[in-house]
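Here chain A shows up in two complexes: once beside chain B, once beside chain C.
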Partner chain A sequence: MAGVLLDNVAKIYPGGVNAVRGVSFAVPDGGLCVLVGPSGCGKSTLLRMVAGLETVTSGAISIGARVVNDIEPMARDIAMVFQNYALYPHMSVYDNMAYGLRNLKTPEPEISARVRDAARILELSDEMLKRKPRALSGGQRQRVAMGRAIVRKPAVFLFDEPLSNLDAKLRVQMRVEIRRLQRRLKTTALYVTHDQLEAMTLADMLVVMNAGRVEQVGAPLELYERPATTFVAGFLGSPPMNFLNGKIEAQGLARMENGEALAYDAGHFGPPIGADIIAGVRPERTSFAAGEDGLAFKLELVEELGLGRLVHGRVGAAPYAVALPPGAPLPPGETARLAIAAGDVHLFDGKSGVRL
Partner chain B sequence: MEKRAIFSNRLLPYLLLAPQLAITLIFFYWPAAQAVKQSFFIEDAFGTTSTFVGFENYRTLLADPYYFKSMGTTLVFAAAVTALSLSLALLLATQADKSLRGAGLYRTLLIWPYAVAPAVAGVLWLFLFQPGLGLAARQLQRLGVDWNPLLNGAQAMTLVTLAAAWKQISYNFLFFLAGLQSIPKSLIEAAAIDGARPARRFWTIVFPLLSPTTFFLIVVNIVYVFFDTFGVIDAVTGGGPAKATETLVYKVFSDGRLGGDLGGSAAQSVILMLIVIALTSVQFRYVERKVTY
Partner chain C sequence: MVENRRLGDFFAHLILIAGVAIVAFPVYMAVVASTLDADTIANGQMGLLPGSHGLENYRRLLFEGTSYTTRAPVYGMLVVSLISALGIAIGKIAISLISAYAIVYFRFPLRMIAFWLIFLTLMLPVEVRIYPTYKIVADLHMLDSYAGLTIPLIASATATLLFRQFFMTVPDELAEAAKIDGAGPMQFFRDVLLPLSRTNLAALFVILFIYGWNQYLWPLLITTRDDMQPIVVGIKKIVSTHDALTEWQLAMATAVLAMLPPVLVVVGMQKMFVKGLVETEK
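Up next, the complex of A and B:
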């Protein structure tokens, strides 16, 4: 059992690509930390540095109390689940799971007990243990890869997009299983994904990355409710947050680009009058107003989701989506007014995109 | 997916195949048939008359201790060349696979030997190891080795083995390198995390996954040693000393061409043909099964 600490970790690949630019965060012992961000933002690189598969250009990575920068992967007490599972194709499922223990010269009876224990937890039958990986379905291979990770009882699990090769239904199912398994084993885990929904549902702690940097760290709901930047605000949540440009006109009131006013919660230190801002409002926090107050909305398209409706349109020139709960009526015409509570407006700096 | 060309003229495919078929018939089947026919006849010393003798040539051959000695020599030679060239090629391929940046140049350098004719390869090694003259031979003598492949059969065998193996390394290297590069990196990484040190990773993961390539190369190399090393042996030792390097192929030549025993030589060729047919059929069957590891 051990936490993971990253202190100003950076990675420059030999070709000169600066993949990770000074990342710091701490995963508490037993926590499940999800690294999320768009493809190419450096998540895998970061995870592979924790695993010891890539060298660390600068900064320090600690597992437990020990800095592991110069320690070989095998001595780091970690296990990793790869996106393509990386099962040894010439070995049976049993041998795949036993491989790590055999390398540690564990006695065969104990290996057998641990492999069967893991197989039971993961619902892999005895008959399946004898098969080669190629004779398994995608979901079963995924379980074997998990099994291989858990039999060694490592201090830290590392997952690199382990579900992205599965179909949507299986992905949801395995997501729940991974969460359940991690809770049960109480093993610290670092989990990489580009899927914000997977990230939100799995994480105790969410690290949002963008272009090699950490944008924000925190509990999923915290990030969802108080995104630190427009990037985080736009990345978490589906459909994404709506953004409208404007200027502060008075404390608690912004004048938007289309000339209309939007009220917001002024808070303690509101932005100065005249400042350029970006106002962000979640689609599900927007509804249609009964009266003539609120921003003017021009309806363009309605999507039926079953769980509700998504109404796409524009406020001025900016695209804007409204998520309606099931049964909520659509506006009668092509234009409508938006009802937005002042408390639901997020304000970001117009230039840097940082939360105000 | 099946790829099938559609010809509007039914004769056209046969016409297109004709040159290839003609060449095969004239240069392979016809001499082969001649050899089979020849093996049932005995010619007199002047080549004027030939008498049908049935299996007499085969009977003589199988009663000839020199034939079995030559068979033994060939097997030793085949095993030594295959083992040497495969292991060196595998070693070079793993090194090239590790540092792919220098691999372009490395690869080109390693391919060259394959473009060298067997006899030239033989002569090259002969020069290197010529007692008293060759660079390598003088080094050996300086080290106190009594180096004289012209007199010492084991040394002659070593020399032809080196020359024959050297020529084959590049071919084996290319196949091993391709095999290594088709092994996903993540498997090696998974094994590293699973606590396997590099040597253990190689023997438990890489080597088993290369086994289809290795098997293919073993067959190819044995066929090469059995049939394509005539030039090397002729240039380096001429089968000597005292027939120490006289392989089956070389014996066909020396008995038939030099000894004038056309019938016996033909019988030997027929047996060689049977061996190559057996080897290639094993290989085809194996390749068709696509190799399950």
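Up next, the complex of A and C:
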């Protein structure tokens, strides 16, 4: 059992590509930390540095109390689950799981006990243990890959987009299983994904990365409710947050680009009057107003999701989506007014995109 | 349509059968000739049916040799051929496996230069570099030895390239998983890469065994002793007699014997051979 600590970790590839630029955060012992971000943001590189598959250019990575920068992957007390499973194709499922333990010179009865134990937890039958990976379905291979990780009883699990190769339905199912398994084993885990939904549902702690930097760290709901930057606000949530450009007109009132006014909660330190801002509003926190107040909205397209409706349109020139609960009526015509509570408006700096 | 396809099938088979007959008939004639006595062949009365001297011909050939020319029993030639073909095939595979492994999985200085040097030897088969190679082998006192028969033929770019291509299709994650599982480089090679290359190994073994078995020019050049001659060289010596009648029945028997081992290797390893050339799943 051990936490993971990253202290100003950076990675510059020999070609000069700066993949990770000074990342610091700490994963508490037993926590599940999800690294999320668009492809190329450095999240996989970071995970591979923790695994010891990439060298660390600068900074320190600690597992438990030990700095592991120069320690071989196998001695780091970690186990990794790869996106394409990386099972040894010529070995049976049993041997796949036992291989790492055999290299550690674990006695054979102990190996057998641990593998069977893992197989039981993952609901892999005895008959399946004898098969080769190619005779298994995608979901089963995924379980075997996880089994290979848990038999080692590592201090830290590393997951590199483990569900990306599964179909949508299985992905939801395996997501729940990974969460359950991690809770049960109470093993610290680092989990990389580009899927914000996976990230939101799995994480104790969410690290949003962009272009090699950490944008924000925190509990998933915290990030969802109070995104630190427009990037985080736009990345978490589906459909993403709507953004409208404008200027502060008075404390608690912003004038949007289309000339209309939008009220915001002026509780804290408000931005100076006249400042350029970006106002962010979640689609599900927007509804249609009955009267003539609110921003003018031009309706373009309606998506029926079953779980509700998604209404796409524009406010001025900016695209804007409204998520309606099931049964909520659509506005009668092509245009409508948006009802937005002042407390649901997020304000970001117009240039840097940082939360105000 | 059905009618047409039948007709098509019929013609296809007809052509294939004709092709097989063209290839197989001379071989059949060699087998027939090897069972006749010397007089029948010399008189030009050879028919299409096997004669009754087969057993005697083969026994004499294998254990005593021909009357005039080489005098060495063919049994010895078969042993020489077998040892050198196996040596060439196994040596080539071993060397190319490890060199391909080094080139694909290790980052060392001058790696690409090493690769291109190996690649370059594709353009320098034994026939091209025969004089310098002969000189080296002679200086090292390897004439008339198995070392001389095999070592110069072992270095092989073809096999190295083949394994390189194969190793590059093995997903990187497999090597990384092995690293995390605590397997060192040699262990990864032995436990993962070798078993995965099994079918490629088999395919390559078949090709290289036949290559080694069919070597003619090089053994002809560096062997002088009759007991260090492979059978392919032996056939030629049995056929070309200067002042005596060629014992055609024995020459044919030698040819048949020379054909057998490659055929056995191909037939025996056919399944793996095909798998190794077409299999894509990793």
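Worth pointing out:
We adopt the following convention: the second predicted complex is superposed on the first by the 356 of 356 C-alpha atoms of A that agree within 3 Å, B and C clash if a C-alpha of one lies under 4 Å from a C-alpha of the other, contacts with A are read in each partner's own complex, and residues count from 1 in each chain.
Just so it is clear, a residue touches a chain if its C-beta (ideal position, glycine included) is under 8 Å from a C-beta of that chain, and two chains touch if they have at least 3 such contacts.
The shown structure was predicted, so the numbers you read here are calculated from the model rather than taken from an experiment.
With the two structures aligned on chain A, chain B clashes with chain C. Applying the stated contact rule after C-alpha superposition, one finds that A:A290 touches neither chain B nor chain C.
Looking at the shared chain after the overlay, A:A86 reaches both chain B and chain C.
Shared contact residues of chain A, touching chain B in one structure and chain C in the other: 51-53, 72-74, 78-80, 82, 84, 86, 88-90, 99-100, 103-104, 148.
Across the complex, chain A is touched by residues 184, 186-187, 189-197, 200, 204-205, 208-209, 293 of chain B. Chain A meets chain C in the complex at residues 51-53, 72-74, 78-80, 82-84, 86-91, 99-100, 103-104, 134, 148.
Of all the residues in chain A, the ones that touch chain B in their complex are 51-53, 72-74, 78-80, 82, 84, 86, 88-90, 99-100, 103-104, 148, 152.
Those residues of chain C whose C-beta lies close enough to touch chain A in the complex are 171, 173-174, 176-183, 187, 191-192, 195-196, 198, 281-282.
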